[in-house]
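Okay, so here's the structure we're looking at.
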C-alpha cells in the first residue's frame, strides 16, 4: 500500500479495501472510497490549476483498476486527467479515432497487460513522455504481467519509460511531477 | 538447418553459409545462394500458380534475414510473396499507408524482435491467418527473442499463432500449406 | 474471458461460471451452458455447411476443458468438429488406431499439458495445419503449461504453430478461419 | 543501433565502432567519434539554451560507456549536461559530498549495474524525475543487467522510471523531452 | 519451521501459529508467543552476557515479521539485540540520523524486500559483517523476494553475505555465531 | 570432463579434443580417439559378455555426439550397444519400422534436443528403463536444452528418468549399472 | 493422479483425498487409504518375493508424503521396501550410522526438497541406481522444488537420475522395474 | 575486477590477466602474479599473526581458481589459510578423512559448482561460519552457477551464508573480517 500525506490536507491510501476506508471514516467523515481503483482519499481539496492534462489510456477493460489508481492519484496531486480506456492495439481504429485527445496530452500513462503493445503505439504517436504501466491482467504466458513488462522495456518508440507491474500510483506520481514542472513554468509566465 | 527436398526438383537448405552453397555448387551448377536469408536453393523450378499471395512483414530492418528465410522458402514452395519491411508499430503511418497490400493478403507472416507488437496490430487489421515469428533481434531485456515471443503469444488479436524464435522456415511452410489449401480449391473451381 | 458476438445471432462467452450463464438466462432463455468447456452460448443457430472438419485431439483427459472450449467455439463459428481425446504419445496405439479420422481432418487442434509432445507426433502424421494449445495441466516441472508451450514451439514437425497456454478459443478461431477459407472455395466451386 | 537525424543538421549513431565512424568520415569531415560512448555525431551544431541541466550519475566506472551514450545524446539534443560518475551506494559519502549538483538537476539519469541501488537512493534525494538505466555491468547473479533492472523497477522512491538495459540513448531522449518541456515554458516566460 | 532445542532449556519454534503455541502451552506454561515474528519460545532463560550487540535493520514496516524472527531468535541464543526498523534507502536521512547505533553494532542483519538496497548501503557504512535477508515483501517485479535476493547477492559493499528469502532464523543463527566468537574471546580476556 | 579409470585397464576421457588425445598418445600408443563422441579411450580391453544390449536412440542427427558419448562409454564399461539414430517423433514410421530392436533392448538411452519428445514415445513402447538425455541441440526457445529437459521430466510414460543436459556419460554409466545388475544374475544362473 | 490397474487385482490411486477413498469403498470394501502418502489401494494381494529391497530415503520429515507415495507404490508393485527418513546431509552422522541398510539396497529412491543434496551423497556411497525425487518442500529460493531439481540434475555422483518434482509414483515405478529385472534373473537362477 | 589498496602497502587486483600484471611490473618490481587465482599482489608484506585459520574447501578441481582468489585475498588481508581441495560430496570419505583440519577452522569458505552441496555438508560438520561461494563450473542445467547458488541458499545447515557466483574475493573479505574480529580479541587477551 502506498500512503501519501500532502501537508495534512490530503491523505491517499492505495490497494485499500472498502473495510479499510470505513475504518478511516470512524476518524473522519471526509473520506471517499473508489472501489475500482481500490483507493481512499481523505479531505480532498486539490483542484487542477491549468489546462495541461495527463492522459490515462488502457489496452482493455481489465486494466481499468490500475488505470484508475493512476488517474485518481494524479487528480489528488492536483492534475487535470483525461481517460481513454479499452483502446488496445488489436483494434487500431479505437486509437486513431481518438487522436485529438492523445496528441494534446502533456504526459501519457499507458496501462496494459497481455502483450502490452499499447505503450509503443502511443509512444510512436505523441512526442510527450509516455509512462508505461504493465498490468498483471492476462493468463498463461502473460506470467502475471511479465510479458507486458518486457514488451514495454523493449519499446522501439522514444520517450517511453516503465514502472513496476500494477504500479499505477508510481506512474501517476511521476506523471504529476513532470506535469507540474511544466505548469510551474506556465504559471510563472502567466504571473509575469 | 532445415533441409527440404520436394520430389527431386527443388532442394532448399536454411542457415547455410556461402561456403556450404559453394560446396553444393561442386555437385550441381543449379544452386542459388541468398546471403540475407542464409538459404541456398537447388534447381528452382516452381512458379506461383495463383494470384493469392503471402505477405511477409517486419518490424525493423534487422528482422529482414528471418523474413527473407520465410519469403524465399514460401517462393520455393510455389507461392506468390509480397514483402513489406520495416513497418514497426512505433511509426503507425508506415503500416496504415500500406493498408491495401495488407488487407488483400491471403496469409501474413509477421517477423519482429524487441517488443514484437507488430503481429497484434496486423492481426487486428486483417481477417486472415497471421503467423508470428519472433526474432532474436534486440538487446538487454529482449533476451534473444523471448520478449517478442511472449508478446506474440499474448496477442489480443484473433487469428494469430506463433512459431519458434527466428523460425522463418517453419512460418513459411505453414503459410504455404494454408495458401495452397485455398489455391487447390480455387484451381478446383477454375477447372470446373 | 473472450466475448464474441457474431452479427447479433450468436454470443459466446468463455471462462464463464454456471452463475454467469444463469445471469444471462435472466435476459434470454436461449442460453446453453457447457460446464466442461466453461462456455455459454446464446441463440445458437449456426450449422456446419461442409464435410470439412476440424479435429480436436488431447493428450489426456485433464486437457478436455481446454479442448471443449476449442471444440464448442469452432462449432459456434460454423464448423464441423470431430473429437479424439486422451490419445497421448505415451500410448502410441491410441493414436495409430485412429489414423483415419486424423488423416482426413482439414485442420487439427492439439491440446496437451505435461510434456506436450502430441502436437509434434500429430504434425508428423498429417499435412494439414496443426494448431497447438499448451494446457496448464500437470505439476512440478510442468510450470503451469510452460513445459508444454516450449515443447510445442520446438516442434520438429512442419505445419505446427502455437497459441497461448489454455487458449482454446484462440486456437478455434484460427482453425475456423483456415477451415472457412477452404470451404468458401469449395462452396464457390459447388456453386458453379 | 539508434540513428537520429535532427532536421539534416545533426546525425547521431549509437553502438558504433570507430570503423563505422571512419566510414562516415569518407562522406563528411564533420564527424566526431566518442570511443567511450560508442557514438558518432555528424555536424554537431546544437547548443544548450538554458541553465537547466540533466545530471547523469553512475554507480561505478564500468557504467561510464552507457552513461556517456546518454550524456552525449542529451548534449546533441540541445541540453546542458552535468556528469557525476562512480558514486555507488556502497560509499554514500561520494553521493552526499555532491548533494548540491544533485539537488539542482532538472532531470537525473542514473546508470548502474550489479545491484543498481543508485536510482533508489538518488530518487529519494531529489524531487525531479529520475530515469534509471540498468547496465549489463557485473558477473554471476547480475545476469547481464537483469538484477539491476529488477532493483530499479522495485524502487521505493517516487519519481523513478526505467528503460531497457544499457539503453543510454532512450534515457537521454526522454530526459531531453522533459527538460525541453520545462525550458520551452521558461523561454516562453523569458520572452514575455 | 525451524526447531531449536538448546540443552533442554530453551525451545524455539519458527513460523508457528498462535494455535501451535497454545498446543505447546498444554504441555508447559513456560511458553511465550510472538505474533509478529510467528515464533514461540519455551522456558526462556538466556541473558545476553556482553555489551556487544547485533543490530537488526529493515527497509520498511512490512519487513518487520522477518526482522522479529531474527531478533527474537538472536535474543533466545543469548545476544543483546538492537532494532532499527523502516530505514529504507529512499529516505537516506532515516539511516544517517541513526549512524551511531549502526556504527557500534558488532554484526548487522539487514532485512528488506522490494529493491533490497538496504544491505549495500549499510554494508558501505560499517566494517562489520552484514547478513542480508531478502524478504518476500512487494508486488509485481519483486517476484516474491527474488529481486531483493539478487540485489543483495550483487552488493558492491564488502562484508555482505546473503541467506534465503525470509530466513530470519538463519540470519540470526549466523549472526549469533559470529557475535559469540567475539564474545568468547572477550570473556576469555576478561577472565585473565 | 568425466574421467574414468577401471582398474588400470581402461581409461576414458570425455569432452576431449583431438589435441588432448594426441597428448595422451605421447604416453601410450594404446589410445583411440572418437571425434564424434569427443572421447578418448586408453587400452580398451573390455568385451560385452552377454546378449543383453543397451539401445541408444536419438531424435535427430545433431544429437549423435551426445549419443556416441553414451554409446562408447557403455561399450567401454563392458556392454553390448545397439544404435538407432535420427528416429524423431515427427516421423513416427522411423520408430515403428524398428520396433523389434527397440522392444528387445534391456535398457534404452534416449538422446534428443528441441522438443525432446522421443523419450516419452519410446517409454510408452518398452517396459524397460528409459534414461533420457536432453541435448543442447536447437535454437530459439530450445534454450540450450532446457525445453528438452522439461519435456523429459514431464514425461507421461512410466519408467523414464532424466540426467543433465548433454550428459551422455552419466546416462551410459547408469544404463551400464542396470544392465550389469541383470547380467550378473544371468551369469550367476549360467554358472549353476 | 496416477492410476494403476495390475491385471484386475490391484488398483492404486495417487494424490487421492480420504473422500475419494471413501467413495471407492462404496464399490468395494477392499480399499485401504494411506493419509500420509495420499494413496488408496484396492484389493492388495501382492507380496514381495525376494530379499532384494528398494530403499526410500528422505532429507527431512516434510518429504515423507512423497516418500510414502513411492514406498507404498513400490510395495503394491511387489517389492520389499525399507525406509530411512530424515537423514539430510546437514547431519551426516544420521546417514553414516545407517550405512549397512544403505549399502545393501538394490535400488535407492532419494526424496528431498530445499537443497536436495541427499541424492548426491547417497549416490556417492552406493554403486546401485539412485532415483532422485525433488520435493516441493521449502520456501523462498526453493521455488517449489526447482532448486532441489537442479541440484539433483547436477549431481556429480554416477548412477543418479531424476524424475519430476513430487513424482514419488514415477520413481517407484522405475525402481520396481529395475528391481524386478534383477529378481527375475534371481528367480531364474533359483529355479535351476 | 576488485581492487584493494591497504594503506599503501598492499595492492591486490582480481580477475587480472598476466598482461595486466606485467603492465603493473613496469611501475614496480614488487608484483606477484597468481595465474590460477587470476590475481596480482603488489608489495606483499602482511603476515598472519595468530594460529586461527580460514579453511578454503572446494568440491572439485575446476573450482580451484575461485578458491585461490579467496585464499590469496585472505592471505593478503593477514590471515593464515588452509586449503582442502576436491572434496566434493559424491566421495564423502574425502571429507571425513580430513575432519581434523575442518573442525579446527575458525571460518570456512566453501567453493563449489554443479550441485554445490559441499556447503551444506561442511556446515553440518562445523559450528563456525561457512561462507558459500557458488562457482560457474559445470554444464547444462548448472546454468553458469545458478544451480549451485540455489543449493547454497537453501542449505539446511545453520551458519551458512552465500555470496555472488565466483566471488572468491567477497567471501575472503568477509571471512577475514570475522577472523580478525576474533583475533583482535585474542590479541587483546594476549596483551594482558
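Each chain carries a letter (A, B, C, D, E, F, G and H) given by its place in the written order, and its residues are counted from 1.
Everything that follows uses one rule, which is that a contact is a pair of C-beta atoms (placed from the backbone, for glycine too) under 8 Å apart; a residue touches a chain by one contact, two chains touch by 3 or more.
Predicted model only: the values in this text are computed from it and were never measured.
Colleague: Touching both subunit D and subunit H, which chains are there?
Modeller: E
Colleague: If every chain is reduced to the average of its C-alpha atoms, which one ends up farthest from subunit C?
Modeller: H
Colleague: Roughly how far is subunit C from subunit F, going centre to centre by Cα mean, in whole Å?
Modeller: So the centroids are 38 Å from each other.
Colleague: Report, in whole Å, the distance between the mean C-alpha point of subunit A and the mean C-alpha point of subunit D.
Modeller: About 25 Å, centre to centre.
Colleague: List the centre-to-centre spacing of subunit B and subunit E in whole Å, with centres computed as mean CA coordinates.
Modeller: Inter-chain centre distance comes to 58 Å.
Colleague: Can you list every residue of subunit D that touches 2 or more other chains, as numbers and ranges?
Modeller: As it turns out, subunit D has residues touching two or more other chains at 140-142, 146, 149, 153-154, 158, 164-165.
Colleague: Kindly provide every pair of chains that touch.
Modeller: Contacting pairs: A-B, A-C, A-D, A-E, B-C, B-D, B-F, C-F, C-G, D-E, D-H, E-G, E-H, F-G, F-H, G-H.
Colleague: Note which residues of subunit C are touching subunit F in the complex, please.
Modeller: Within the complex, subunit C touches subunit F at residues 59-60, 88-92, 96, 114-117, 120-121, 123-125, 138, 140-143, 146-148, 150-158.
Colleague: Within the complex, which stretch of subunit G touches subunit F?
Modeller: Listed in rising order, the residues of subunit G that touch subunit F are 106, 127-129, 131, 149, 153-154, 158-165, 170-171, 173-174, 177-178, 181-182, 184-186, 188-189, 192.
Colleague: Which residues, counting only subunit H, touch subunit F once they are in their complex?
Modeller: So the residues of subunit H in touch with subunit F come to 139-142.
Colleague: For subunit F, which residues are in contact with subunit H within the complex?
Modeller: 134, 136, 144-146, 149, 164-167
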